[in-house]
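One chain, chain A, links the two complexes that follow: it is found with chain B in the first and with chain C in the second.
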Partner chain A sequence: MNQKKKRMFSTTRQKKVAQTAYLMVAPTIIGLLILNFYPIIQTFWLSFCKTGDFGLNNTFIGLKNYVDLFKDPEIPQALINTFRYAAVQVTVSIALSLVLAVLVNRKMKGVTIYRTIYFLPMICAPAAIAMVWRWMFNQDFGILNKMFGTNISWTTDPKIAWLCVAVVGIWSSLGYNMVLLLGGLQDIPKDYYEAAEIDGATGINAFFHITIPLLSPTLFFIIQTGIIGALQLFDLPYMIIDESSRAVRSVKSVTYLFYQHSFEKGQRGYGSAIVIFMMVVISIITYFIQKTEKKWVHYN
Partner chain B sequence: MGYTAKRRLNSTVIHVFLILGAIAMLIPFVWMVLTAFKTKSQAISVDPFYIFPAGKWHFENFSEVWNSYNFMTLYANTLIVMVLRVVCAVLTATMAGYAFGRLEFPGKGILFSIVLIQMMVPSQIFIIPQYLMISKAHLLNTKFALVFPGIVTAFGTYLFKQSFQSLPKELEEAAEIDGCTVWQRFAFIMMPLTRSAIVSLGIFTALFAYKDMMWPMIVANKPAATTLSAALAKLQGQFGSNYPQIMAGALMAILPMLILYLIFQKQFIEGIASSGTKL
Partner chain C sequence: MKRRVMVLTCSAMAAAAIMGGSTMVSAADTVSVAIWDNNQLSGLQEIANEWSEESGVDVEFQVMDWTTYWTMLEAGASGGEMPDVFWMHSANAQKYMDAGLLLDMNSYIEEDDAIDLENYFPGIVELYSQDGVQYAIPKDHDTIAAVYNKAVFDKYGIDYPTDDWTWEDFASIAQQIADAGADDGVYGTYMNTGSNQSGWYNIIYAMGGEIISEDKKSSGMDKEETIAAMNFVGEKILPACPSQDSMANTPGDTMLMSGKIGLYLDGSWMAKSYYDADNAADFAWVEIPYYDANENGQCDEGERASIYNGLGWSIAANSSVPDEAWSLISAFSDEAGQLRQSELGVTMSGYIGCSEPFANAFGDMDLSAFTKVEEDGRLVFRPYSKYSARWEDDFTQKFIDAWNDPSLMEDTCLELAESMNSILAEE
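And then the complex of A and B:
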């Protein structure tokens, strides 16, 4: 095996190809080593350090950051906030966008227009989206309370605020999920449905026995990327909920905490511990999602 | 009921449903525009039917925000960061993707695993060390700082590896017999064939640079050195409850991208959908 490999790269022509190949991957590999690989190690190291004044003089303190992390009452709260946001945002967004994709997947006028409109939030700065929603949620003058004739404190009531953030998250991701699901639907051969119709399976029946199984790779993909994306939530709660509001406790995500500790309070050691902890949580969740894959995802 | 009549009814119901959804999608944008043209007292009027700006439309919100936030600089900064990141990403990723996808060399597997590792970990893990590098090099508040994390792209490299691999072998073999070097084959024969992947990565990278808020907030605290997204976060803090001005700022921040999107919506949607990662 080893000899065979050596022979493979032994001719001068092959050596020349390999040389060119190294030149071609060099910028990317060097860049990734500096920008990503070394930072992973440094973050890991920093998570065992206490950051001194002005971010200088890191002193090794062993596992103290992690001990603090498990005692910090903000951490379990941030986990709850992040998980419930992810659960609601991903489920509702995918369910709604699946309905939209199925409705649009037929010969009819205006498909392009619908697609363009539903996809619109994807190309906007999340900060701008958050700002307009915050204004609409405004208790005294917001359009929502005016429209419904209510007086709900959308963004200041801890019980409602996190749902408001989730609503904006759903609204933002509908079009993206719809486009991906529509692509998946269009790949399903029409004769599957014709064959099913002969066997008497139409409508809802055909949907669950043909559409869902054949769409499962796309569904699996958007569920997985959706959950991982939702677990890294930051922009929306940061922009929609006022930092001085009592509701902020109920929307602070893990990334939000990481940002605050690392860049507002200057505790980079503790911030690093949070981000390492977050990586472990995401890995565990990804592992379990992957495990379910075999049970319900059908690849052709 | 006849078959066609039933079908027509069905399709009407579907359209009604889709139109209601579309209205729900558009309300925030419409409300943003309508608010931006009102005075502060008009915006907080208690009359629920006070939807359109009364009398004249107030453009002064725009000029006020434009001047106090120097939007010209923000547009320029954002555009420069987007262009530089797209150029860097496309250049480095096409080369690396070609080498990983079509050339044989020792250590390929190990080197590619560096690409995969970057894609697997959450990006927040890089931020503190990246910030420390920029800060130690005294490069805070520079364009370089804004571009820095996007100089290379693991995701783009992966995308181009797939894209080059899917092209037929015969194309290159013919060129090889004709005596083309690897570089010539890459630049003149193979790279032009991955045009759709280049468009995808370009749109994806540009949008990401435009939308990203946390990194510019960290490395550029001066208003003149930051991007639109990060400036909005400050604007909201400064203008507090002056919603017409906040909405004017938000509208100015999304307008250029909105126009581009409406012109190139097909490329945008397909580019983002085919790149297959979450923004």
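And then the complex of A and C:
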């Protein structure tokens, strides 16, 4: 009797908790449904249409956009551009931010100043960042060529330009990654290091055998979101590289192509096909990254 | 679980297309106006203020850059939220008229004594009409002239150009500057792949070529004269320009103002930015060169060509304040408003014969080069078709290789003619 009463009490209580929880997440869920899922469905539908101007007179044309997509020579080039950017940007950014996080994760003078400085790029608007870098890269008037006394075509030489875009991408993501990693570092109990020290493992050894494994959940999160973010690259090449630059073909990402077709050339249907295609590519990559999770991520 | 949700959310965001949309709410006592040229804001604001005082209706301007403007307008049009009054342009007008997004102005024009379409440049009136319906009132017109930096000419002891110069003269003066300034990194002139309206389009028409046929059904890029003109650009003008890399880095007006080049072609809509520069006294304008086709040493009819274009004032078909919007447009476009626009140096007028004050609108800076070409030159309306934006994009990008290696110029022209024809076939 007593037992039963207790359980009933706990269910109503749980119900109440659940109700409140739903209420709390409702704004986000509704926002997601309206702002994300509805456009996805609409974009999916558009990708099978030849679209008229201003969303009028859309006619269903089946898979034609996708057939065109697989014949379009710009697509493989854009995929190459996107993947090599992602490869460089994600690895370098994570490696650097890990080093920075370890460096600022200790007691020293002015540590908050350093943390603030590294985090600053995060709070700047990407468009503003791109504009400033564009001027720094300027061949004739830019500070980089003035400083080094060189005459390098930073944003127009196809061999260099994509790396310049990656540099800006790395620079802007350092702070965010660093703060996340710093959080992860501070969660690692000091006892592990003390115990390791007694066993004779210090410095590099401790870093690889204690820090990295215990940081792996955070690392996993950063790698996963970092790759997804990098594969959606658009604003940096669009803002930094001029349309008349020789290098524009070697920095055009898939999302850039989508933007051009959908918004500049008024071919929404084809643009939608591009972006749905990219969504599938990203989903597949995400799936494989998830698969690797068990192999190297340790949740205590 | 938490991780899974996080990942799900991330992939959802990855998939979401960016569906931009800006909302513009207009109250009954406000007319919202969207434009893309900040240079013109102060002058237009002044005319609008005078109108507001009379009508008691406020005017709210929004200024965006060219690309943002069209993205905003298209998103607004698709979502049913457009500004009340906005600029139309040859690059996009037909698309908007076809979709029925612009207000039919015929009845307003009939009732308004101040507006008679006969008074405006016919090319501009025609551009904004379809099947006998007028969808925009000409706001202005613009022409092209050459601007030079006197400081650069003085430094190298080169004579200033005069109105009676040919494109050959233009090229040789540019080359003289480039040779003299080689050690200082100073170049003759600037013409990039995207310098179309205020650049190589003019040379093509001066030399008898064309960009698009009159019926807008076929490309003129494969015409013999067009190719000859582009070869002239490649062989005579580009050698006097900074490298194409440099030109992709920095716009031409910036280079001229900073003394990096000596000579440049620009449109009348840009005059104010030269006048506002700190070293405004260094700049002077001269008429666009002519092409001496019959080689008799003087400029005969048709040998001097300037591309001209004109914006139009349009009203959104679904505007909640069409009467007020019309009244404002009428104030901008009637004879008094057009004269005022020229006096204030906003632009030259769309109303024929109201542009003279523009020549003297900027104090010591003589802008008569823009108005003189109307008398002794041939005005060619800026080439357009329904999807001009698509082939103009192609021009900018596909000429890059030919700019870097002018021997590719002819092949590029033929290739562009082909891709342009397939776009025109779709229209």
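Simple rule for what comes next: the second predicted complex is superposed on the first by the 259 of 300 C-alpha atoms of A that agree within 3 Å, B and C clash if a C-alpha of one lies under 4 Å from a C-alpha of the other, contacts with A are read in each partner's own complex, and residues count from 1 in each chain.
Assume contacts are C-beta pairs under 8 Å (C-beta built on N, C-alpha and C of every residue); 3 or more make two chains touch, one makes a residue touch a chain.
For clarity, every value in this text was computed on a predicted model and none was experimentally measured.
**Student:** For A:Ala18, using the defined touch cut-off, is the partner it touches chain B, chain C, both, or neither? Pick first, second, both or neither.
**Tutor:** first
**Student:** If we overlay the two complexes on their shared chain A, which of chain B and chain C does A:Lys265 touch? Say first, second, both or neither.
**Tutor:** A:Lys265: touches chain C, not chain B.
**Student:** If you stack the two complexes on chain A, which partner ends up touching A:Val275: first (chain B), second (chain C), both, or neither?
**Tutor:** After superposing on A, A:Val275 lies in contact with both chain B and chain C.
**Student:** With both complexes superposed on chain A, which partner does A:Ala95 reach: first (chain B), second (chain C), both or neither?
**Tutor:** neither
**Student:** Identify the partner contact of A:Leu103: answer first if only chain B is touched, second if only chain C is, both if each is, neither if none is.
**Tutor:** After superposing on A, A:Leu103 lies in contact with chain B but is clear of chain C.
**Student:** Which partner, once the models are overlaid, touches more of chain A's residues, chain C or chain B?
**Tutor:** In the superposed model, B touches more residues of chain A.
**Student:** Considering only touches as defined above, state whether A:Lys146 meets chain B (first), chain C (second), both or neither.
**Tutor:** first
**Student:** With the two complexes superposed on chain A, say which partner A:Leu33 touches: chain B (first), chain C (second), both, or neither.
**Tutor:** In the superposed model, A:Leu33 contacts chain B only, not chain C.
**Student:** State whether A:Ile61 touches chain B only (first), chain C only (second), both chains, or neither.
**Tutor:** In the superposed model, A:Ile61 contacts neither chain B nor chain C.
**Student:** Counting only touches as set out at the top, which of chain B and chain C does A:Ile284 meet: first, second, both, neither?
**Tutor:** neither
**Student:** Can you give me the overlap between the chain B contact set and the chain C contact set on chain A?
**Tutor:** The answer is residues 32, 35-37, 39-40, 43, 55, 138, 140-141, 221, 225, 228, 231-232, 258, 262-263, 272, 275, 279, 282 of chain A.
**Student:** State the interface residues of chain A toward chain C in the complex, per the touch definition above.
**Tutor:** Within the complex, chain A contacts chain C at residues 32, 35-37, 39-40, 43, 52-56, 137-142, 153, 155-157, 217, 221, 224-225, 228, 231-232, 242-246, 248, 258, 260, 262-266, 272, 275, 279, 282-283, 286, 290.
**Student:** Provide the residue numbers of chain B that touch chain A in the complex, in ascending order.
**Tutor:** 11, 14-15, 17-18, 21-22, 24-29, 31-32, 35, 43-46, 48, 91-93, 95-96, 98-100, 103-106, 108, 111, 114-115, 117-118, 121-133, 135, 148-149, 151-154, 157, 181-183, 186, 207, 210-211, 213-214, 217-218, 228-230, 232-233, 236, 243, 246-247, 249-251, 253-254, 257-258, 261-262, 265, 268-269, 272-273, 276-279
**Student:** In the complex of these two chains, what residues of chain A are touching chain B?
**Tutor:** Chain A reaches chain B through residues 5, 8-9, 14, 16-18, 20-22, 24-25, 27-29, 31-40, 42-43, 46, 55, 100, 103-104, 108, 110, 112-129, 131-136, 138, 140-141, 143, 146-147, 149, 171, 174-176, 179-180, 183, 221, 225-226, 228-229, 231-232, 234-235, 238-239, 255, 258-259, 262-263, 268, 271-272, 275-276, 278-279, 282.
**Student:** Which residues of chain C touch chain A in the complex?
**Tutor:** 3, 6-7, 9-17, 19, 67, 71, 74, 77-78, 95, 98-99, 101, 185, 192-194, 242-250, 255, 258, 260, 387, 389-390, 393, 396-397, 400-401, 404
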